[in-house]
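The structures come next, written out as structure tokens.
First chain A sits with chain B, and in the next complex the same chain sits with chain C.
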Partner chain A sequence: MALVIPKESYSGKIYNVTLGTGAKAVTIGGASALPYLAFEGTFPNKPAVALEVTDIAPDDWPETVKKAVSGAASNPVQWAKFCQQNGADAVALRLIGTHPDQQNKSAEEAAKIAAEVAAAIDIPLIILGSGHVEKDTQVLQAAAAATRGKNCTIGKAVEENYKTIAAAVMANDHKLIAMSQLDVNLAKQLNILLSQMGFDKERIIMDPMSSALGYGLEYTYSVMERIRQAALLQNDPMMQTPVVCDIGANVWKVKETMAADAEVPEWGSLEDRALAWEAVTASAMITAGADMLIMRHPGAAAKTKELIAELMG
Partner chain B sequence: MALSGVEIFKHLPKTNCKKCGHPTCLAFAMKLAAKQASLDACPDASEDAKKILGESAAPPIRGITLGLGDKAVKVGEEICLFRHDKKFFNPNVFAVAIKASEAGDAAAKKIDAVKNSEIDRVGQKLRVDAIAVTDEGGDAAKFASVVKQVVDGAPGVPIILVSKDPATIEAGIAHCADKRPLIYAATAENAEAMAKIAKEKKASLAIAADGLDALTALSEKVKGLGVDDLVLDSGARKVKDMIEHYTIIRRAAIKKNFKPLGYPIIAFAGRDNSVSETMAAAIGTMKYASIIILNNVEKWKMLALLSLRQNIYTDPQVPMQVAQNVYKVGDAKDSSPLMITTNFSLSYFIVRGEVENSKVPAWLAVMDNEGLSVLTAWAAGKFTAGKIAAFITESGVEKNIKHKELIIPGYVAILSGALEEKLPGWKITVGPREANGLPSFLKGRA
Partner chain C sequence: MIVIGEKISVMAKKVREALMNRDAKPIQDLAVAQANAGAHYIDVSIGPAEDDGPQLMDWAVKIVHEVVQKPICLDTTNVKAMEAGIKAHNNAWGLPIVNSTSNEPERFPMLELAGKYGTKVVALTLGKGGLPADAEDRCVIASEIMARGMEFGVPMENILLDPLILQIATMQNQALQSARAIRMFKDLNDPPMSTVVGLSNISNGAPKHVRHIINRYYLAMLIMEGLTHAIIDPLDKDMMDTAKTVEMIMGKTMYAHSYLEM
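Here is the complex of A and B:
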């Protein structure tokens, strides 16, 4: 009995989305088959690995990852340059200082930092709000205007605030991250809502809501597999946007990336364990079809880039 | 491919003798098709019928058990390509390779690592499942001495014998012939000799070939030599090849019922760099490898891989549940706040994470609602004032705290009045709707 390779026939394709400008611009998406099945489709672009920086020195990042960014964390511009030097494909600036529970920085202050960071690097810039639904609308509007011409990726627009953020992104010619809560239908719904207001769906990057290894990873994994199947096998245009996974923020708040060796001797060394936690979470998201990852540990990001290179063959 | 009732009927005696307990052969055939009866119930079934019907009833990927007793592990018998289609059934085996050249202290260290590898994760006990003794130089005596060291040092742990030399396998299997080991591997060159050993010793046999066509041919050859319990190695070592080969194998078996590839897969994830090894093993775990061989099993690596395996093999239909209890978060004292949520693992993880984030020590009461989230449990009538009151009263939490205040999730604010009635003397406080509101809520109270 000879083996006949059982191939899927795909009718859909993921959109190509270009981030940033100039020689270091990055294009993601473009897949025409389920992840890395090169015998039945093409993968013109490799997934991008972004490293995260914050506008104020983060007080809740564990020591292991703080040490890994080697003191750059006190200044977002220096930190962004550090990420670029360490091989990041993009920098993700999270404006955590604008959150009312943090320093409640004004939209203008945040926009100024975003513009300074954008000017300091030539790789693409991702600008993320603090996750506060109301405040993010002001902050991201200001940041979008201040970085006009840089083709930034701005988010996250959620169901409660997508209109204002999408309008600012459109007006300033950027790309948009649209986040929904771990559900295939909600992800599609948000893309439909954005399209209905005239936002070009080929400028959207979908965030299905990430989770960390051991903490609900399987939900994100399966939602992503289903999104990719709908996009490629059912040719659903509302599911054909590239996917971003914002994993650093999830990984670096679980006990496995924080607990000292002595506290849980059965878990092994903290440094290795914490790096592996982000690297394995990244491996899972890449396997499920992520087109871009936002990570925190430069060492874990470097290993992820090695994995991607091996997957692309 | 499963046969229909009518197709099965064609192979039955058609005597309507009723000895199987069914009124007619056709009725019995229908029950067989629905897998509600077994052909064993028919005393007159021909050998041909047994063979044909047995094959049609066989799972598309054969189940293989390694080892004996309570440490035995079963792999295979998977029925889908995506966990959301149904679930992944038999978690992959993680095995550590011990080279023949590591005989003595190095081997002893790895054996100890396996014996001390057990961790408890969300109520499951997880560990390194097996040991692969690996020959590199063809020194049969040395190989056998490591096998003996493993059998003596880690009793009951399933063994994989890795050598392409039949004489070396013979020497090694002498120490574990009665323990249902896995032999790796039969190749096109040594198939007859390896099949003979596997049959004699009742061992499972891995077959190794370069590429899927060669693997298919070898599978048919070895099956023809009378070995049923096979494990497949297509030669994939790079992650790209692992995903491609394993997907084709799994698809061919499940969607095409292609028998030569209807067996579990063995992956060699060993790398010089331990993080790269972890990531390659992670790819194997997600993409259909049933047995994964590692060079080293550091504790941090196994914690990550076993957690991933647990995530991937969780039944998507049955939410992961946390045991009902009042959990202490941080250094909670008798004055620390008491909060309640449901036992859906994701609810628990997120709430607990945010409480830890707030750095405010607290008591977290987790109530058994069959793994439903707060709103779903409330809507299903499983998170009601009466049930919450009974749980709080019976939990004995009152012995740990000196106040009588219970913080409930914002989504069930509606319960606060009824709860104050059911829990006389208690103050019910409505917390935030989403867990991410907890840090500011808790800090604001402190």
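Here is the complex of A and C:
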């Protein structure tokens, strides 16, 4: 008797979401089966790898990653171009300088930088606030208006501030990142709330809140698994948005990406170890179904793209 | 759970008059209201319609499809009217359901139609020997209908087994037998058989003020047993909330604070 491989049948499908404009626009999502089970469904789009740029010099980034972008990092426009030249599918501009504890830059200043960066690149632009709930509403509102027509991806909208940010994103025809803190039920709730204010759910990208390898990554992984099961097996329309994982900011904060060779000789060379830490974190998120990653080290991003090419092959 | 909206029924005076007078508006209004309330199918019950069954069903299907993009549950005992309904149906929005066949010889042609046109079909577990006594009896009848379905070329996934809901006011012991049959039906095939009930029959003959309460609690119990389809009133928000809540508690849908608004 011939062996018949049991197959799961899925009633749902992830939305296709297009980011950016023109020839370099990127479409993510579209999966009709659990990640990379190509014998059960189709995966029309490969996950996108975005490289992160900050509006102010990345003084608090560890040496290894700072060195990898040095020469470009003093100016966000130059840095964004550098990312584009280094194979990024998108640029993620984090307006960290607007945070009251950083340089407390005004929304207008931030919007001006966002517009300059958007004008300097062909690939899609992601615009991230500093993560300060109140300040982000002003900053992202101004940035959304200043980049109108560029089909940017703007976030992160959270339960406390989603209304203003979503309204600005809707008015200026962008895409939205909606983040909840490692909680599938709250992730769904936020998407329902957005839909109820008239925001098209097919313009949302979910951020389940990422972490770094060794620092709770398994929680993110479980949440992503649960999101995909609801989306595909239960055909839950509120869970069928693509997922973005913002990993660079988490990875380049942990000891493994900072401790010098001499400090922990048994861990091997910092250079290799740190790069691998980001690439391995990325690989876990890819296999959990991430549709887009935000990374910091161009070398780690290149490794991740190799993995994606193999999985999609 | 798949909701089949029951409001367009010849039993209702307003609908009966609209059908007789070919007055589209009241029927279309009910179709739209039910679709907006979350019905997956719209039941169109025209009864036996002995005089002009085919014309009536053809008309009813077309006017419903003018206003809603939902498949229709074709509800008549008139075989010619059933075939006319199937032909008039726009399958772009899903296959129609033939409602219904049973183990009574005069209902076999309905199953044959389902095979011929590849539609879904409600199979009432009612035989020529009168009402089934218990869940086991219902399973025997279901198996016979399934076997006949195979002869007529009806795929098992197109058969919706109906355990026959009887009035609790006169046959109280049957309520649990029907519920138990739903669980047993599932095991008659792999993948499990689909099931359907005409829910409100449970409270037929009971006073109005208790009817919706009986309906609602019984629906919760049937979903727990694995019910996949129900012919109910989707405009009854308490009923829809009951279905959503039970499915959420069972883990079939993901909880969110606004789950009832979905």
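Keep this in mind: the second predicted complex is superposed on the first by the 311 of 313 C-alpha atoms of A that agree within 3 Å, B and C clash if a C-alpha of one lies under 4 Å from a C-alpha of the other, contacts with A are read in each partner's own complex, and residues count from 1 in each chain.
Following the convention adopted for this analysis, a residue touches a chain if its C-beta (ideal position, glycine included) is under 8 Å from a C-beta of that chain, and two chains touch if they have at least 3 such contacts.
Since the model is a prediction, treat every value here as computed from it, not as a measurement.
Visitor: Compare chain B and chain C by how many residues of chain A each one touches, and report the one with more.
Guide: More residues of chain A are touched by B.
Visitor: If you stack the two complexes on chain A, which partner ends up touching A:Ala119: first (chain B), second (chain C), both, or neither?
Guide: neither
Visitor: With the two structures laid over each other on chain A, which partner does A:Met197 touch: chain B (first), chain C (second), both, or neither?
Guide: The answer is neither, since A:Met197 touches no partner chain.
Visitor: Counting only touches as set out at the top, which of chain B and chain C does A:Glu306 meet: first, second, both, neither?
Guide: After superposing on A, A:Glu306 lies in contact with chain B but is clear of chain C.
Visitor: I'd like to know which partner A:Gln189 touches here: chain B for first, chain C for second, both or neither.
Guide: A:Gln189: touches chain C, not chain B.
Visitor: First (chain B), second (chain C), both or neither: which does A:Gln234 touch?
Guide: Only chain C; A:Gln234 stays clear of chain B.
Visitor: Figure out whether A:Ile5 sits in contact with chain B (first) or chain C (second), or with both, or with neither.
Guide: The first partner, chain B, only.
Visitor: Using the superposition on chain A as set up above, list the residues of chain A that contact both chain B and chain C.
Guide: 226
Visitor: Along chain B, where are the residues that touch chain A in the complex?
Guide: 82-84, 119, 121, 212-213, 216, 220, 238-240, 243-244, 247-248, 251-252, 255-256, 258-261, 274-276, 278-279, 282-283, 286-287, 298-305, 307-308, 310-312, 314, 316, 345-346, 349-350, 353, 356-357, 436, 439-440, 443
Visitor: Report the residues of chain C in contact with chain A in the complex, numbered from low to high.
Guide: Touching chain A from chain C are residues 252-258, 261-262.
Visitor: Contact residues on chain A for chain C in the complex?
Guide: 184-186, 188-189, 192-193, 196, 226, 230, 234, 236, 238-239
Visitor: Given the complex with chain B, which residues does chain A contribute to the contact?
Guide: Chain A reaches chain B through residues 1-6, 35-39, 60, 101, 131, 211, 213-219, 221-222, 225-226, 229, 253-256, 266-269, 272-273, 275-277, 279-280, 283-284, 287, 303-304, 306-307, 310-313.
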